[in-house]
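Two complexes are shown next, each including subunit A; its partner changes from subunit B in the first to subunit C in the second.
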Partner chain A sequence: MSVTNSGSGVHDEVSEVSELPPSHRLSPGDWIKQNLFNNWYNSLITAVFIFAIAFALVRTLGWLFSSDFLIIRRNLALFMVGQFPRDELWRSWVSGYLLMGSLGIGSGVLWRSAQAVAEEKGLPTEPHSWPDLLRRFWAIIAVLIFFLSFARTVPPFVGLATVFVAFFISRELGRRFNPAMRTRGLFFAGLLGLLSLLVLAGTGGLGALTVGGLFGAWTLVEVRRYADERGVGAPETIGASRRVRRWHIPYPFKRRVGGILASRVAAAVVFCGVWYGLTSVDLGGFGWDDWGGLHLTLFVTVIGISTGLPVGILLALGRQSDLPVIKSASVIFIEFVRGVPLISLLLFSWLMLPLLFPIDLDIPGPLTRVMIVITAFSAAYIAEIVRGGLQAVPRGQVEAAQASGMSAGKIQRLIVLPQALRAVIPALVGQFISLFKDTSLLTIIGLLDFLETSAVANAQPEFLGQGLVAVTYPFVALGYWAFAYTMSKESRRVEERLGVGVR
Partner chain B sequence: MNKNRNLLRLLAALLAIVVIAAACGDDSGDAAEPAPTTTAATATEDTTAPAANDMAEEAEEEGGRLAAVVARGELNCGVNATLPGFGNIDADGNNTGFDVDFCRVVAAAVLGDADAVSYTPLDSTQRFPTLQAGEIDVLIRNTTWTASRDGNEQANFMFTTFYDGQGFMVHGDSSIQSVEDMSNASICVLQGTTTLLNLNAVFGDRGIPFTAVEFQSNDELQPAFVAGQCEVWTTDSSGLAAFSATLGIPTRILSDIISKEPLGPVVADGDTEWAQVVNWATMATVQAEEYGITSSNISSFADTEDSNIRRFLGLEIEGEVTEFGLGIPDDFASQIISQVGNYGEIYERNLAPLGLERERNALWTDGGLMYVPPFR
Partner chain C sequence: MLGRLLLLVIALVVVAAAGLASRFIVDRVTGRDTSDRPPPWRDLNVLSLAAQVLVFGLIVVVGSWLWSNFRDRTDDIGLELTFDFLDQPSGISIADNPLSSNAGIRDALQQGVKNTFLIILLGIPLSVLFGTFIGIARLSTNWLLRKLATGYVEFFRNIPPLLVIVFLWGAVFLNFPIGASPTAEAAWRPFGGWMIFSNNRFAFPSIVGLDNFAAYRLLVVGSIVAAAGVWVWRTRVFNNTGAPHRRALWSVATLVGLCVVFFLVLGGPFEFSKTTVEDRIWSGGFRMQMPYVAVMLALVIYTASHIAEIVRGSILAVHRGQVEASHALALNGLQRYRFVILPQAFRIAFPPLINQFLNYTKNSSLAVAIGFAETTSIISNLFGQSQPAPQLLLILMVIYLAFSLILSAIGNLVNRRLQLRGV
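This part shows the complex of A and B:
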């Protein structure tokens, strides 16, 4: 503010001395005259558009106030969770709290550590403000509250409110984590996320996922810690750390590897114990084959993105590899999957895969196979996007890294990929959004996703043949829009923060 | 040196994962190993050779679909999710309808629990591929029994649970009384359906000129009919009954039926044992109605003197229970009746609310077509 004031002060002084260009500020009436009605055809266009917009507005409002939303009020649970058993809905809510807790802690920890890094480097730090958070997610929040306005009972209100509270409390909690504990905080967030799955799905196939996820996360934490201990990861220490490592290993090399092996086996035993413990206690719960509605749509999207991205990056790197086997395998995979419509891959997994196995062999359920297909499909597309980014990184970067003695893996991890991925964020998010909308194809293999719910509700005897698709489809579209819009908005925010197109 | 160590570390991690997989995989390994890969394949191929059928049946005894369903503890049933009365999903997420109840009938017979069903909503194009793939055990989705489906689609049609036919609906004040009055009438019909084919065939044969007004879906057809864009609406008579209740205008359904549409459960070709189970479970509902046994009065039959009924319900006759040798519990009929009900109850529950009279679907004793072989 002070800058502006002094500026205007200067302005006043100067205006007395020299002649300034005339002010361009127009009165609203003049502005309209100059921009909308300055000649006959602009006037005509303006008139037509005003009429069209007014017509659309009146019709939309008319629809909004004249439509009978009973179909949505009755079927709200169907739209949200599909055929999930109604007397077990507490699982959905508890799982939602845990998930929001996980997201809250995760985002809080990440925010805190980003602040710490920015402070260290003397970059401007981002102020933490709740209104800002609301501005970022207003679309989802508004749509969820709109959805909630159809609820007839109290529990959904309490449930949704608690979901938000869980998020805000745990984000506050995450912000208080010491930045040095970033990895541990993220691990904790992941733990909560998996716990939320466990509450929802009990001891089904997701039990295995939970244990596997925990093991994977724990291994990552270990590797990270190991790397941090040695100062690997900070480019300036790379040349040095090699020397240091060679001479400062506190105990013999073999013992070290033996130790790691022993600790992994011990961990395996512990996790098997956990696994048997989990499977012997019946936690009830419902595997994802029983899920549906918006819940299923979002879940499939999240899984598709979070598994497709790493696989896609690996494929992109594989395609650039010098090893012929890896290169050709990547090329064949990418070109095959990209050359086939998603529908045919889904139908293959749905109708043909079971034919390849005997009937009494329990092959994974339909949704599990769908997940694999969607992962493969998005990975192939992501691989090509990432490849574009990889090619945009100047060769000099790699050569400089090689000259400073970095290993091939580190060059990719620390030099190439960060630049490559930063360059392709818009394309990646475009792919994510398109994947999100592609999940509506689940309909054709007999899964009740968010879109299909609309058709099902319209076929109920009391709503049959009354043209109520005019109510349910806009409702569903609004849901899709809120999430897709938030995704694209967040991606622009990330781009800005990383300075894409500026640096 | 450095590279070696990295490699060893990687190996250590991999080994650990393998150990986990091996140890954790123990329980699932048993189920996966002894899979007799050939059973399904041989059975399918052998259906064309009658002589080999018995052998195929022998093979099925051990690893067929019946055993698979029992082992799974759940019946996979392909249904319709968007046809009120036959199969749809209510606001609480439950599958309901006439066809859905027959899924429950089969589950009650095979597993003793009518709720042990996993429903797969299917549309009319996916239903046969899904059945062939074995993704569902039985397809009960208002599917018409035709020769080409039996032959080309490798489908095996069971007892017909509902005799439908293509009918006509007109506005209440219309002068049209029968097909003969429809000269130059405009007829609303869905695109690409057998309904349209039947219409063309029948009207062409009889030399009656008409204008077909075609629609993609009933959501578009319905307002058009109400607005009077067409004088006649033709589809399956059960569908007409369902729609006429929701239109809000006076309508009349003609007595003319121009096609035969027998609907019933379908299983995949090549598994006789499973087909018999589904068939007899379905027919038990009709037999129960014939005997007058309902879900509410079945307990009063526990000490009935009628030997036919005792045999049917799996009760002891002179200290012995009659074994039908179908591979399912002897009291399967009792389970069906007490958990789901007899044919009449199922009909009353699902189709009577749509205003569908029993007519052709009455018991043979009442002049209808519902006639089942004896349970002995």
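This part shows the complex of A and C:
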């Protein structure tokens, strides 16, 4: 909804319907008159604010040119990656390239398949243009360039430029994927993303686990596809009698159920094998307890999102369930977590979680414990959002699915959840933004997140007690702002494209 | 853990067998026709019962496993799981508070809850007020005001509230003139010393009762009643005759007039008290600690940006016809907002506003970052003195749960009164 400039009200445009739309090109003088000085109180407001802005501008510029940004130039690496060993910084860069490759291929593949679906249905397609992408992500790009402008050497600049180039190339690659290969493309992207984690963390625990899991899942999908191509579980065999199915299904898997089971067993075997293999190879690297800075903040956010989402969906389904035990357990968990501040949960992870591990087990590091509570925290909030989406799915959808003989699990997986999640994407992005902002609380339990780096820099003997937080806090704020702003812009774009909330 | 899981499986098998057997026996005894009943592994009642028993069993197993780990660890470090420690001296001295550090932990906690409540009490109305202004400014016809309000919202919505708090405290308030000197001589004293600004306290005048102050207080209450009566009378006049009611003007004039008359009649029952600083002790007047102001103001600035968006959305959601009708009635801009748009917008805005109030309450715990003595920061202080963490965490969570529940109960109550009935 737009606000017209002529009247002083909110919805004035309706009251001035004429046969032809008047020309909207105003001369600068008229524009100023209409938009800034159209009546006495607007003139007063304009005058006051022009003086205020001029004052603020003069002061800010004076401050900018008189202050010394040595603290930022000295500590740029601290802000970006915390205490990560300085002679191992190549790991961060390689990880950055891999991550950008993953994002590029992933977004390219998604764009291509969305394009294919839209063409098939005769819907308007969104043209692909690089300037458009630049416009959408200008805040992050500009802030990253601004951050690196404090670097004292050339390599970081070259690094940043090549990271962007890596994104461009991989997105172009992703766009050339055959839409039918969507799943494979996405798995490839996921693999690159996990490799980037592996380069940083080495073979320590999670990296190997996830890469192994990915291989396993990939195998599962491939075996399932192989089975599908031979008619196992193909639509025409559903509903046929067991006898018919038994005789029509060829090698390698005799029955539909057996086929899926066999593919899962195969996946599990591969998973274990790959995991074992990876843990026995030492790539070096640093566990995440050594990570810090902007990198840690982004990492915790991504982990919180990706672990919180599945748990949150399960909780939402539990809360919608008809079974009283499951329902009340979900309600108690969700309402408890939502009722207490995140700080109390972080204090819980710091002081209480160590007491809950078996006495003969080593207590996991602080960041691992934080991730456990962050998962619980974001899951509870995501559950409430997803619940809204579940309630918005018409009852007839479920009934129709039941009438066509689908199992309860299939109804949720194939009918209800896709519609429910689609409707709440903007709200979910909103939750991700607030999780991103909430990671700043890691400061309070003494982890070296992006906000804490500012305090650490100000505690260095060289900069101690000079009031330089006035320099470092705005610097940090800019970083937080760029990411959160871009995410909120993107969510608004998705909202418009999905037509959610159109009245 | 494995032993427990095994126990669970055995228990489940026993329960399932017992259930099936009892079903079989009941069917036999009652002689029911069971030919159209599905087998137990397809019977929805059986399945749902089984799922619930399974989930319940898992919760019990995991819970008891965690509890036994917890007991092992607490026994190992010799931690007692009682609440006796609440009577020990807290060792915390709270600024501007007579509570000595020898007072019990219970008293310190009470003081913390009181301070949390003070952050909420002043902050929520301020953020609603400020947020509403920004929300209206975002819809202004003045281009400059609109852009400034949009910039404000887009900036503060997208940075962490903790950052606003530490910035306001560390980069702004700490740079105020130093107040922690014997007479706070560096502090800034505008209005002839009636107000004092420094980097640890902010003071302004308060009222101190003299003789007859109790009687005067009673009379003030009486004047308020009289003013309310005038309000009702003017409203009635307006309803009956249509003459302008000017009820706000009338009742304020009544109130002020009566108060002044009583003040003179009783020979000056109160006087204004000015804050003085001697030997680092601030006395007289009304004093606020700067950390309190920083937390409260920062949260107001942050929350207002969210409230502004809610208010803006609600104003846009008010039916167009209402605005057009108010144009047709020749209401001016202020009247249109006061009588037509805002009352309806607030009805729409109230449920999301409750959410913001809850967020504000939870965010007030961020005061721990700058050491203002509210609940969280007192409890984290107690952690530092190695008081038992499990009990203190429980207390902390229960306090915030109580705040959340009470606030949302009040909000829901108000919301129910606010919404149109029978629509």
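Throughout what follows, the second predicted complex is superposed on the first by the 365 of 503 C-alpha atoms of A that agree within 3 Å, B and C clash if a C-alpha of one lies under 4 Å from a C-alpha of the other, contacts with A are read in each partner's own complex, and residues count from 1 in each chain.
Everything below uses one rule, namely that a contact is a pair of C-beta atoms (placed from the backbone, for glycine too) under 8 Å apart; a residue touches a chain by one contact, two chains touch by 3 or more.
What you are looking at is a predicted structure, and each value in this text was computed from that prediction instead of being measured.
Of the two partner chains placed around the shared chain by superposition, neither subunit B nor subunit C is touched by A:Leu421. Of the two partner chains placed around the shared chain by superposition, neither subunit B nor subunit C is touched by A:Met80.
Contacts of A:Val469 after superposition: both subunit B and subunit C are touched. By the touch criterion defined above, A:Ile444 lies against subunit B and subunit C together after alignment on the C-alpha atoms of chain A. Contacts of A:Phe49 after superposition on the shared chain: subunit C is touched, whereas subunit B is not. Of the two partner chains, both subunit B and subunit C are touched by A:Leu351.
Applying the stated contact rule after C-alpha superposition, one finds that A:Met100 touches neither subunit B nor subunit C.
By the touch criterion stated above, A:Ala379 is placed in contact with neither subunit B nor subunit C. Touch criterion met: A:Gln460 reaches subunit B, while subunit C stays clear of it. Subunit A residues in contact with subunit B (one complex) as well as with subunit C (other complex) are 347, 351-352, 354-355, 357-359, 444, 467, 469. For subunit C in complex with subunit A, the touching residues are 1, 48, 51-53, 55-56, 59, 66, 69-70, 72-74, 76, 139-146, 148, 154-155, 157-163, 166-167, 170-171, 174-175, 315-317, 320, 323-324, 327, 333, 336, 341, 362-363, 365-366, 368-369, 376, 380, 383, 389-390, 393, 396-397, 400-401, 404-405. Residue ranges of subunit B in contact with subunit A, taken from their complex: 1-2, 5, 8-9, 12-13, 15-17, 19-20, 23-24, 27, 31-32, 35-37, 39-40, 63-65, 67-68, 71-72, 78, 81-85, 88-95, 118, 120-123, 126, 129-130, 132-135, 218-219, 222-223, 242-243, 245-247, 353-354.
Within the complex, the subunit A residues that touch subunit B are 74-75, 77-78, 81-86, 208, 211, 215, 219, 242, 245-246, 253, 256-257, 260-261, 264-265, 267-269, 271-272, 275, 279, 289, 292, 347, 350-355, 357-362, 366, 444-446, 448, 452, 455-461, 464-467, 469. Subunit A contributes residues 1, 3-11, 14-15, 35-36, 38, 42, 45-46, 49-50, 53, 322-326, 329, 336, 338-344, 347-348, 351-352, 354-359, 433, 437-438, 440-441, 443-444, 451, 467, 469-470, 473-474, 476-477, 480-481, 484-485, 488, 503 to its touches with subunit C in the complex.
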